[in-house]
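One structure, pasted below without further comment.
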């Protein structure tokens, strides 16, 4: 419908341009600079043989994530959390979400006693920073696991990755369900939902929040439909960056 | 089905015994000691005329919430966050969830320039502490708003409460969708979902997380069905505690 | 004397109604919800086999305590210390006082290498929160020690408890020495004294503070007399809660 | 009695050599470097016209104190509290004690809207640091008040000082009541009491603690007797440092 | 001399390849992504009309800087300072150095009551992060000042920039003075010096440190000679990025 | 030149009166109370056999330093860093400078697995606190090393001290290069330089900062000349305090 054309000319179900620069960092075992339109996140995956002391000897690995925004990634400069001396609730929440999303596709037994720390640092923010982070973090994770396998830290036949994972934000703006909300859309949304989906199309996380009025069951259903389509497109882009056939073997 | 009888003998769709002691605290403007089985949360609502400086002059009120667990509310003693010197991610996340849930049913224009702080302190924990908190906080909120109205801080005809709100955790345990998970069930759940629902049956929050395997669309649907039924029952219990007819006027 | 009747009708030497709900918590090894009039404190005692690393191998146990007030236990809501990111001087002072008071009646050699952590969380405050905490903590402590003995962590014939302990605040208000000050009395007191007394009637702590004018030796003596009588009454109430004869064996 | 001669040859009721270097600091409005034997504390009193915002307009002054130990004031180096990022319970407790002790002899109405901050920094510690702090702080306070009066911040006929104040630690060591405990005595004491006394011989604070066994009423009385004598001697030394006749006008 | 060829083939007095992507950030008023070989720093300059309260009404502006490293900018992942809850000494030191270096070329009177905050976030680190930060920050600063002038926050004829500024690290490695040390060189250097130089060739900061043996006066002189040449080259690169003639007008 | 006579009558190249009270502290293994005019710093050196865990087994020692100012060492009282809950950038910077300066003259192999912690606490501040700290710290260090040698913690023939070290601040005030700036001079200086010099006359640190205008190469040279002369005089004073011939053996 012409009346639902969005500020940047997109159709309601259309993603912003998504680019992934795999291997952006020369230091990390895996890395990706991902853009969802004006949102740019540097994702690095650090592989360390061994696990924290409390996990030692159980034969399982450890995957965790940290999210942060540069102070001037946003339109107005924010105070650094290191300067404040504490991490805010929003940062904690997103770090935990990214960690859970990645762990959902990792078989920690197959990973063996190795640690993966994924850092997602937002260099520029224009909505969807957490979903871009998850989508980019997966690419960095794949490379860090390959690094660990090449050096013999992961057993030869082990398959630590059970599936791929991507995420998208969907929401109802002006009564219309839309995908991949830019900042101006997100701040006007009546309902905002972040959906994390595996390559197989199953859900890892569904987080829907009524920003203004509560939302109805049929609205929830429409948003989930949209999210599944967008997640499929993100999967293709991840696969292209990784040079694999998303329908075939990893 | 007999095979799905739960550890405490409940049917899959059955809530634990829920009790609400309204007005438990002699100090707060509104309060409720709520139990969901072995989970006991003291909810207090503090009403203060005026709003934080940055809101002054806009004619709108402010509603916020803080959640905390006593160190020995759990089976093993936890270190106090005041002793650690920082609040953990989980505490932040739940405090924010409670705050959003309550704000969804408050008309802050009608509230006027008044501040409501809701404290949910878990005295004993056995699963569902966040959902019990939201459900009890609503009762405390109603009384604190009545207190403000009686003293003339809220305009006579203003209706700051747009609806009631309650919350329940649902999850898939051993393949069976179940409502109001106790701790032992929650720790075994494949999928765990917290659902916040208004008295009218619309959603305020849906937070579903795959703990083990990702979940399918039909599983998500079954959990939402269950949550809507349980939320309706909690609404009845809230109304009974408040001495109002849940289908009539507040 | 009629002129010294107190706000709540008590005689100067009369305690407020004191109740002890032993075993209030289903999680802790020992617990008591104690009330001194409008003051209500939840005391839990956590028993853990083993001691902190620096004590290991010396054959002695460890007893410590933490005190805290819920934010809306008081007439005006206080900010949480976890939110402030640090514990205030008053909280530290009272936690240390409770710990010393309990250690005075515990034989840590007889306790063996076991740790007892006592938490005193003030749910509602109306003066005397530290003295109610000590008095209730003793009851929780007795039960936690019994728990440890039943499970074989404490040697069969060991007597870790040397005596009982209780505490009361006394003060001079309007020139009259009074016991168990309620908040309105405490804030008007010229001299305020917290006295911790064993079941045998000896002193563990005497903390007297001139709030306005310095106090004379004879005033100090009158307050100590009063405290010893009240402590004896508290001992009877503790014994009744524990179902033991305060004059006989523990 | 020969058997009660102390490690340093003192009689039980005898103070260690006490010296006061008044005006040690060229920066502070009042200052004193006080020694109680090997204990040395630098006390400075900072006079600032005006009071904190929350006191403004009430016509009363503000007196507060802070205590701290240099990391190598003790036999083993302690970590700095600035490095730890938080102030310990003991430091808080002593800072508050010093502040209360000084406020007990200051008429804040007569002081007018002026602020006095007393800093007591322990340069070398050998027992009795808190009592030396209070005794030295009084001397610094007198000079800072004189400074404020000379510059017209304090009204000409106002008498902000109601009395002098000094403090001494007393304790029972090996069954014998002793005054002004050195570190080796303090660590062996069965009972330890800090007593703050005005020039008129009344009590400002009495803080008695059973370190090992609880103490009896007659032991408490003996310690108070001893403290009053020692406090009188300290008063003479303060007066000599200040060049005033302790029995006459200030 | 062939024996002094460096690991990456550079001559002792040769800079690594330096690139400046001006305007990298779409959010900040001025920005530059600068590379000194493998070192990459994102510099943003935030322009805000107005100054902190304590400067208001004096007619002068405020310029400050913050430096930080991403956790995986280095070869081994570092813990975030926001997670540690405090900023380390090195970070503080470098933030202060960048701020002083920029203030040395800004006329804060001409800037007027405006605030400039420069953030230097190290995305990848290979030695010289502080000198790359200063050099890139100058470019971001120029653009942010232009932004402020265009919007009328800076007076038309005001010249807030007195000169340009650039920085380089020099050091003695294996007895040979070298410029722009890479990480492997820096860690082997006997003497390490950071030199901040204006476009006119005067010094803003000289910070020389003996890492191993103390250094002689003639060694110091040789390092300063080298630094002045390199700073001149950096000035050319800054000018090219800004599209100005370094010898002419700004 | 008469026109360059300084506020306190000194010639430009003249140090303030410098005194060193060696062994001021009875607790520390080495100590010195050093004065540079009105600046007074208590330096203590704590010797502990053993090194931090991460250094164990390498056969080398550890030397570190901490600097702090008493709150009323300055003309206006500063807030304590322990109360603020964090250490400021300036404190960190100076602590690190002192540590590096001392390590430059210590052979940690010869020291063996022993730890030296030097604390420099400023009791009174009038400019040059960091240079007085380094100069005094060296004296404390010498005594602490002697202590360790006497007790057999340092091998008999080992020479942990390679040289002596002293520091002085120099600056250009009103166009004139001057040594050992007092606070009033320091706050007016156009250029300020701290120079750390060994007994042999080589540099350990050179830290020059343009406070107002950038400085020229010839000004830098004049300041270094001055610093070398003053450092030589300080070396004589250190030697006198230590009772050694500065030109002979240590």
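In order of appearance the chains are A, B, C, D, E and F, and numbering begins at 1 in each one.
Everything that follows uses one rule, which is that contacts are C-beta pairs under 8 Å (C-beta built on N, C-alpha and C of every residue); 3 or more make two chains touch, one makes a residue touch a chain.
Predicted model only: the values in this text are computed from it and were never measured.
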Legend entry - Set of chains whose contacts include both chain C and chain A: B
Inset, instruction - Just tell me the minimum hop count from chain D to chain E, counting one hop per pair of touching chains. - result: 2
Legend entry - Of all other chains, the one whose Cα centre sits farthest from chain B: F
Inset, instruction - Give, as an integer number of Å, the spacing between the C-alpha centres of chain D and chain B. - result: 52
Legend entry - Distance from the mean Cα position of chain F to that of chain E, given in whole angstrom: 29
Inset, instruction - Round to the nearest whole Å and give the separation of the Cα centres of chain A and chain D. - result: 60
Legend entry - Two or more partner chains touched - positions in chain E: 85-87
Legend entry - Traversal of the chain ring from chain E via chain F: E, F, D, C, B, A
Legend entry - Complex interface listing, chain F residues touching chain E: 86-90, 92-93, 95-96, 100, 104, 163, 193, 198, 200, 202-210, 213-217, 220, 224, 228
Legend entry - List of chain B residues in touch with chain C within their complex: 25-28, 31, 38, 42, 44, 46, 48, 66, 68, 70-75, 77, 80-87, 91, 117, 119, 121, 123-125
